[in-house]
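Every chain is named by a letter (A, B, C and D) in the order it is written, and numbering of its residues begins at 1.
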Amino acid sequence: MKEKCGVVGVSLKNGGTDQAALITYYALYALQHRGQESTGIATYDDKIYIDKGMGLVSDVFNKVRLKELKGSMGIGHVRYSTEGASKIENSQPLLIGYKNGAIAIAHNGHLVNYRELRAELEAEGRIFITDSDTEVIAHLLVKELLVSDFIEAIRSLMQRIIGSYSLTLLFDGMVVAVRDPLGIKPLCIGKMDGGYIISSESAAIDTVGGTLLRDVCPGELVILKDGQIESHRICRSQNTAHCFFEFTYFARPDSIVDGLLVYDVRRRIGEILVEEHDLNADIVCPVPDSGVTFAIGYSIRSGIRYIEGLMKNRYIGRTFIMPAQEMREIAVRLKLNAIRANVAGKRVALIDDSIVRGTTSKRIVDIVRSAGAKEIHMRIGCPPVISPCYFGIDMATRAELIAAHKSVEGIALVVGADSLGYVSIDGLVKSIGIPKENLCLGCITGKYPIEIPGEECIRKQLRLAQF
Amino acid sequence: MKEKCGVVGVSLKNGGTDQAALITYYALYALQHRGQESTGIATYDDKIYIDKGMGLVSDVFNKVRLKELKGSMGIGHVRYSTEGASKIENSQPLLIGYKNGAIAIAHNGHLVNYRELRAELEAEGRIFITDSDTEVIAHLLVKELLVSDFIEAIRSLMQRIIGSYSLTLLFDGMVVAVRDPLGIKPLCIGKMDGGYIISSESAAIDTVGGTLLRDVCPGELVILKDGQIESHRICRSQNTAHCFFEFTYFARPDSIVDGLLVYDVRRRIGEILVEEHDLNADIVCPVPDSGVTFAIGYSIRSGIRYIEGLMKNRYIGRTFIMPAQEMREIAVRLKLNAIRANVAGKRVALIDDSIVRGTTSKRIVDIVRSAGAKEIHMRIGCPPVISPCYFGIDMATRAELIAAHKSVEGIALVVGADSLGYVSIDGLVKSIGIPKENLCLGCITGKYPIEIPGEECIRKQLRLAQF
Amino acid sequence: MKEKCGVVGVSLKNGGTDQAALITYYALYALQHRGQESTGIATYDDKIYIDKGMGLVSDVFNKVRLKELKGSMGIGHVRYSTEGASKIENSQPLLIGYKNGAIAIAHNGHLVNYRELRAELEAEGRIFITDSDTEVIAHLLVKELLVSDFIEAIRSLMQRIIGSYSLTLLFDGMVVAVRDPLGIKPLCIGKMDGGYIISSESAAIDTVGGTLLRDVCPGELVILKDGQIESHRICRSQNTAHCFFEFTYFARPDSIVDGLLVYDVRRRIGEILVEEHDLNADIVCPVPDSGVTFAIGYSIRSGIRYIEGLMKNRYIGRTFIMPAQEMREIAVRLKLNAIRANVAGKRVALIDDSIVRGTTSKRIVDIVRSAGAKEIHMRIGCPPVISPCYFGIDMATRAELIAAHKSVEGIALVVGADSLGYVSIDGLVKSIGIPKENLCLGCITGKYPIEIPGEECIRKQLRLAQF
Amino acid sequence: MKEKCGVVGVSLKNGGTDQAALITYYALYALQHRGQESTGIATYDDKIYIDKGMGLVSDVFNKVRLKELKGSMGIGHVRYSTEGASKIENSQPLLIGYKNGAIAIAHNGHLVNYRELRAELEAEGRIFITDSDTEVIAHLLVKELLVSDFIEAIRSLMQRIIGSYSLTLLFDGMVVAVRDPLGIKPLCIGKMDGGYIISSESAAIDTVGGTLLRDVCPGELVILKDGQIESHRICRSQNTAHCFFEFTYFARPDSIVDGLLVYDVRRRIGEILVEEHDLNADIVCPVPDSGVTFAIGYSIRSGIRYIEGLMKNRYIGRTFIMPAQEMREIAVRLKLNAIRANVAGKRVALIDDSIVRGTTSKRIVDIVRSAGAKEIHMRIGCPPVISPCYFGIDMATRAELIAAHKSVEGIALVVGADSLGYVSIDGLVKSIGIPKENLCLGCITGKYPIEIPGEECIRKQLRLAQF
């Protein structure tokens, strides 16, 4: 599973400072886990400066390149994407020229009605240069800007686009942030010395020495200008649909997402896993790194000793080429090696964050079993994934999702675990602490907050704000 | 002076062959002198494949990358551009998606009304992602395709865009070539085993083993499909306006441009230089490489012995960084070194293709003088450049053009030559062999074939073809 | 602190297999933590093949390059080095030609008498091309090979070189391993399907699917040939001097070094830290990653809850350039971010592996303090470092070592901790489980197992083995 | 045919100037034609600084890297080598450490007794790290330095090494140049503002603004120190053996080699070709670039008109990968394209510098024939090459040399020329103007100036100078 993106926006008080690029850079660094394929920064200082590249933030940018990005305002983006479209043209921010100047857009999310909107725009004779839905957003926004002021244009845009979107924009000497009415993707605001910062996650605000103020509300438009902040509640829906996967997998444990510390959620899930599945085990082992926090919670509640049974190699290259088909097993051991003495002869509670296709879990169980574990009891911090994500997570097709086709017992058999326990949907919701009706649970319930052709929908009512 | 681009189009007979990319690659190799900054190839095989990169054709492409470009149809592009816009986003072919699919466009030339057209399109709410006028062409073409068939769309497009353009396109399973009504930039058609090739210059046709058929006519639309060729004369103007600089500088000497071998033109200019400027010299020396053919002609007609007085370093790197300001003179000698024994004590007729700012000529005269030449008589194969180019040549501003401000005697004084003789405009025209009214002589007469604000215009009548 | 190197040797049964390079590659991958600057592999198949490069194993090698390294025998090396000598010439294995052919050498360690030996060899008129002590080893070995057989030559070599050395060599169709008489650096032997593997650490043996057989003994020469193993005890000292830092910092927790699982040692140190320093704390937090295992042990023994208070960014680039001097604090937060909710208002037992200069510890304490910790009690898994290492660890000068100049209270004051407790030397020794007289504790006692000019020496008696 | 190397040495007057690296860089730039594979510069300023890299001078060095190379003394090297040994370890200058410090050596040439010397040194127990004969020179020099002063050491060295060598060295705060007693490879001295420069060719002296003083004499040792020059005639042979190929192929036409302008030699060969081979032709065409000067001479003497019949593509990449075996003919046309109008229906005197295997000549004749030439008469500026070079030119094996096996008529038949005429050996010697007994004509006579096992030798007497 891969998240599509992370976004940043920075506005510092006027006064000749050219630090927006640097702050944006640091913030992107802290969001690197949200996308490792490409990155970009755009800044504003009378005109828009932009620089993008393939690879990690630390590989793309350096002192010289950051220095070229002048100004006290900036936005940034880190991106992951599926292989086919992995090219520099699709990297963001997307910079477009239009009637009154230029706009730079950074987007995290996915528009459900991208195809329809693109077809509609194409029917008007418009052309597309990238493969991304961000270009659709740019077209629609610019169309509205011809006939309305900026805020009205955003309002109209939000009435047209359906799906998940956390946006930061450079527009007309302002940094602008927009979050979709359901609040699917996270977005928050921080105060920092001399200005404000918008970020997908609060860990980036911490990193640049700022203080988390609050989340951008679902349906809210935030404008940063001259170190001031201005808010417009454009759109209001009865319920939100926060992506629960941010809590169980994507967001950093040290981020506060929609008011909740991710670390706490994961720890609580670990505790609930104890309650939901009876177990006699000798030790609790995490699958590193993503299982660690769940395992700590599991250990605290169960009183079973927490110890590492698998060691992760910290130097796995991003571009690792598998040199020999027949040596696939070695390749797994390159990433994870069992600590034989810790697991041998033990009944192991092995805690992981999720099971998607089951293939990785099978290999991990094999490794622990080969190291001499007496029993292996997998406990999973996310309910069975039975349905795809339509809002920007690159999961797998329904056919590939093991839980779409097999019972828990069947999955345990496939992965080779002595027992297998998922956290229940109710346990998950309780751990998060957000009412069920305000979460997007589409991939674990098959019921989506937005109409998706061929899928069941729990409609979330959209209501326009009245100002 | 730098030419902006070179274009290629290739269509092979159907039959599973994937050689279009390879042929396009070889042809671009032969057009490398027309642009060294970036290059790209797009091919068609049910869908459009595209690959682009910064640098030389030989640096960007290799066996593996060419193999990815499937199909029996392809277009290609080499590009030079001014520093600011030197980025991958501006490289070509430009691939755009629109209502009915995708179009790839490669463009050599410059639209005089680019700003107006872009403003008009922006006023409709359209957005621009690149800085190039090619994107304007794409917008206009797609607009017309909504309401017309392809040929009508091209006709309408050609009524809107003003300037120079030699285009190759991949559209709807066809390779298409278009040349502006004045035929400013060259474009020709070759027959090759199993298909046809379109190229900026015939040398590329030779290189791939083809035979030059003819030039694409000014105002003509050529369609290559299934190894067949189809022609539409879309637009007809009373006169053409072939850029004379292709003959004196840009095109390869071994290319036939608008029916004339470039080598012959340069040789004849060399001969006419003898007639126009009386001279007693001991030897004729070219400034390598561009002065060579002129000098050979000069020697043949004058009977004065041809000998090299300057040797060129063949390994001047493309990215040479000048390590010390104060060593600028060494930097000139890195490129050209005098052969002292050949020039010492001699009266030298030094033949070069053109003088733009005069600074390079001054340094060359210095080198030859230091090597002991008794007299240096510069003879120039292009009349004094007094006015900028508006059709795609990156020359210099009027303020920088030495001939815009100084008499021939004044220039001779600046460059330090004992005498200086330019070929006359009439001599140039006679050497080329195309009637004066069918050439663009804007930069040497100040009178342009198209209206340019602030410049004098010799209007070339545009007449639409009647079919 | 940086370890200098890791070494590998692989010998597979004859039979046309060319997998030695691949196995070596995987093993180096597992040893990447021992050196990230350069890496190299040499293989043997009638002749020696070699390939080296700057950077990580995954960056340097790929399928194509590994395929060139033919044969069923191979050695490999990963290297770290100080800045000045960071160049490809110093990368290993070192391949030398001599009278009877070629030898490739990979070396982990440092010769104490390098300067003397080099001077002696230079006095004979010998020349040196690299800066490394490995070239000294090559010279001495080849000198001996003129007058003795291979085993005698190794014996003579070992009588000359003083210091730490774990060597793997390709010599005359054999893979050879040698470990210094004091066993300072680790080296172990594994059995794998179809052959044997020698490695700095057992984790590499696990990774390639092998089984740890035993350590190479101090003073032992091991020869691998045709899938057979042959041992010669060349040199025997009364005591060994295993580097304790392998247990507390360098080696992977999942490696077994000199018979002891590193994970267990660290966990026991954590436990002893509880016993040695009384403390009332609310939570136990590791400094990730190196403090984790100590902290787990600390939590188990103390009963104080283990929870993460600092989150590490997994994407810190290897070539990070600090873009602004004044933003150094941000740079620290890029690596570590506090989880405020976990530490705020808490009395924190903060567990780290060691303190060298104190600067990093101060910044970490600052971060935790800013996150609201009520009290911060640092507990350190290594006694105060008061003296430099002369055997291959790049520590710091004595002047830079904070514990060389300050009391524990003084250090606590500098780093800003409410209390500071180091494990005692006896506690460390007990945790390791190797008698004190068989460990090198030079950097924490100031007493070295080998005579070092200006330092105190606990002489370890060297005795030659009698065969 | 490829020359192995070019060397430079620069010494500027003391006074804090750090320009030696820059001057060396410019000089190497001018010698780039002598080696394109790797390059390096070493400078001296109390200690030796060195930097080397694979590729062209302009690719390897830049402002930042040159700035690191401090001092007022420097040596440099450009290198070509056969594929197998194309690696950074073999690049030069070779920097070695020895008893009294460090020496950097740059070498152009090849030692005939390399194998014997290396075996002898290996028999003493010495080791070799590179594949180059330069390391042999380093060993021998250092051995002698143990027992003699520097000048005596060079004298002893020169008594041991047999073959071609033009050396520049950095030794003990001096720049040193040495040329072999037969003067096989060129080496000359120039005076420049503030110091002296040593270079393989005088064109490099011109480039840096210096003045050619004289050649380094065969057997001479030149010492540059503090802007002063000091000469020692170490070794004297009755005759010299200057490589004639420097005049016909390797050296730049604008270089003066052993007192003779290369351009003049080539022009005179062209003239003699007219005298030696009767011919009625319509035009004289060079094979560019190396045939140009011969052709100019040919045209002057014969009165036949000089015109270009083949145009060379100036952008042939260094790393061109042939994308398809079956398209080899296109690959030739990428480099050379015929100007049809110039050769069609003509009797062409086609002038080239040499024929080695005949394959390239055949393809060129094919191209000119296809362009419609009525008759093609090849004239070659070098006598038939019948025997290999043992002094550093990478020619071909005897089996590959077409003239070793075929008569001139037979070769004409193979390459497809209507007639073929080589310059005679006497004509060549006369053109050069150096007595036959002072030239190395080994590859065209089979008689070598030094004993080569299996080859005939015209012994050149070596006599040590008496001082």
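The working rule: a residue touches a chain if its C-beta (ideal position, glycine included) is under 8 Å from a C-beta of that chain, and two chains touch if they have at least 3 such contacts.
For clarity, every value in this text was computed on a predicted model and none was experimentally measured.
Visitor: Average the CA atoms of each chain to get its centre, and name the chain whose centre is farthest from that of chain A.
Guide: Of all the other chains, the one whose centre lies farthest from chain A is D.
Visitor: With centres defined as the mean C-alpha position, give me the chain B-chain D separation in Å.
Guide: Their C-alpha centroids are separated by 37 Å.
Visitor: Using CA atom averages as chain centres, what separation in Å is found between chain B and chain C?
Guide: 61
Visitor: Give me the residues of chain D that touch two or more other chains.
Guide: Where chain D is concerned, no single residue meets two or more other chains.
Visitor: Could you run through all the chain pairs that touch each other?
Guide: According to the stated criterion, the contacting chain pairs are A-B, A-C, B-D, C-D.
Visitor: Please give the residue numbers of chain C that touch chain A in the complex, ascending.
Guide: 19, 22, 25-26, 29-30, 32-33, 36, 56-59, 62-63, 66, 203, 206-209, 252-254, 261, 263-264, 267, 289, 292-293, 296, 299-300, 305-308, 311, 313-321, 323-324, 327, 329-330, 333-334, 337-342
Visitor: For chain D, which residues count as touching chain C in their complex?
Guide: These residues of chain D touch chain C: 88-89, 94-99, 118-119, 122-130, 135, 138-139, 142-143, 145-146.
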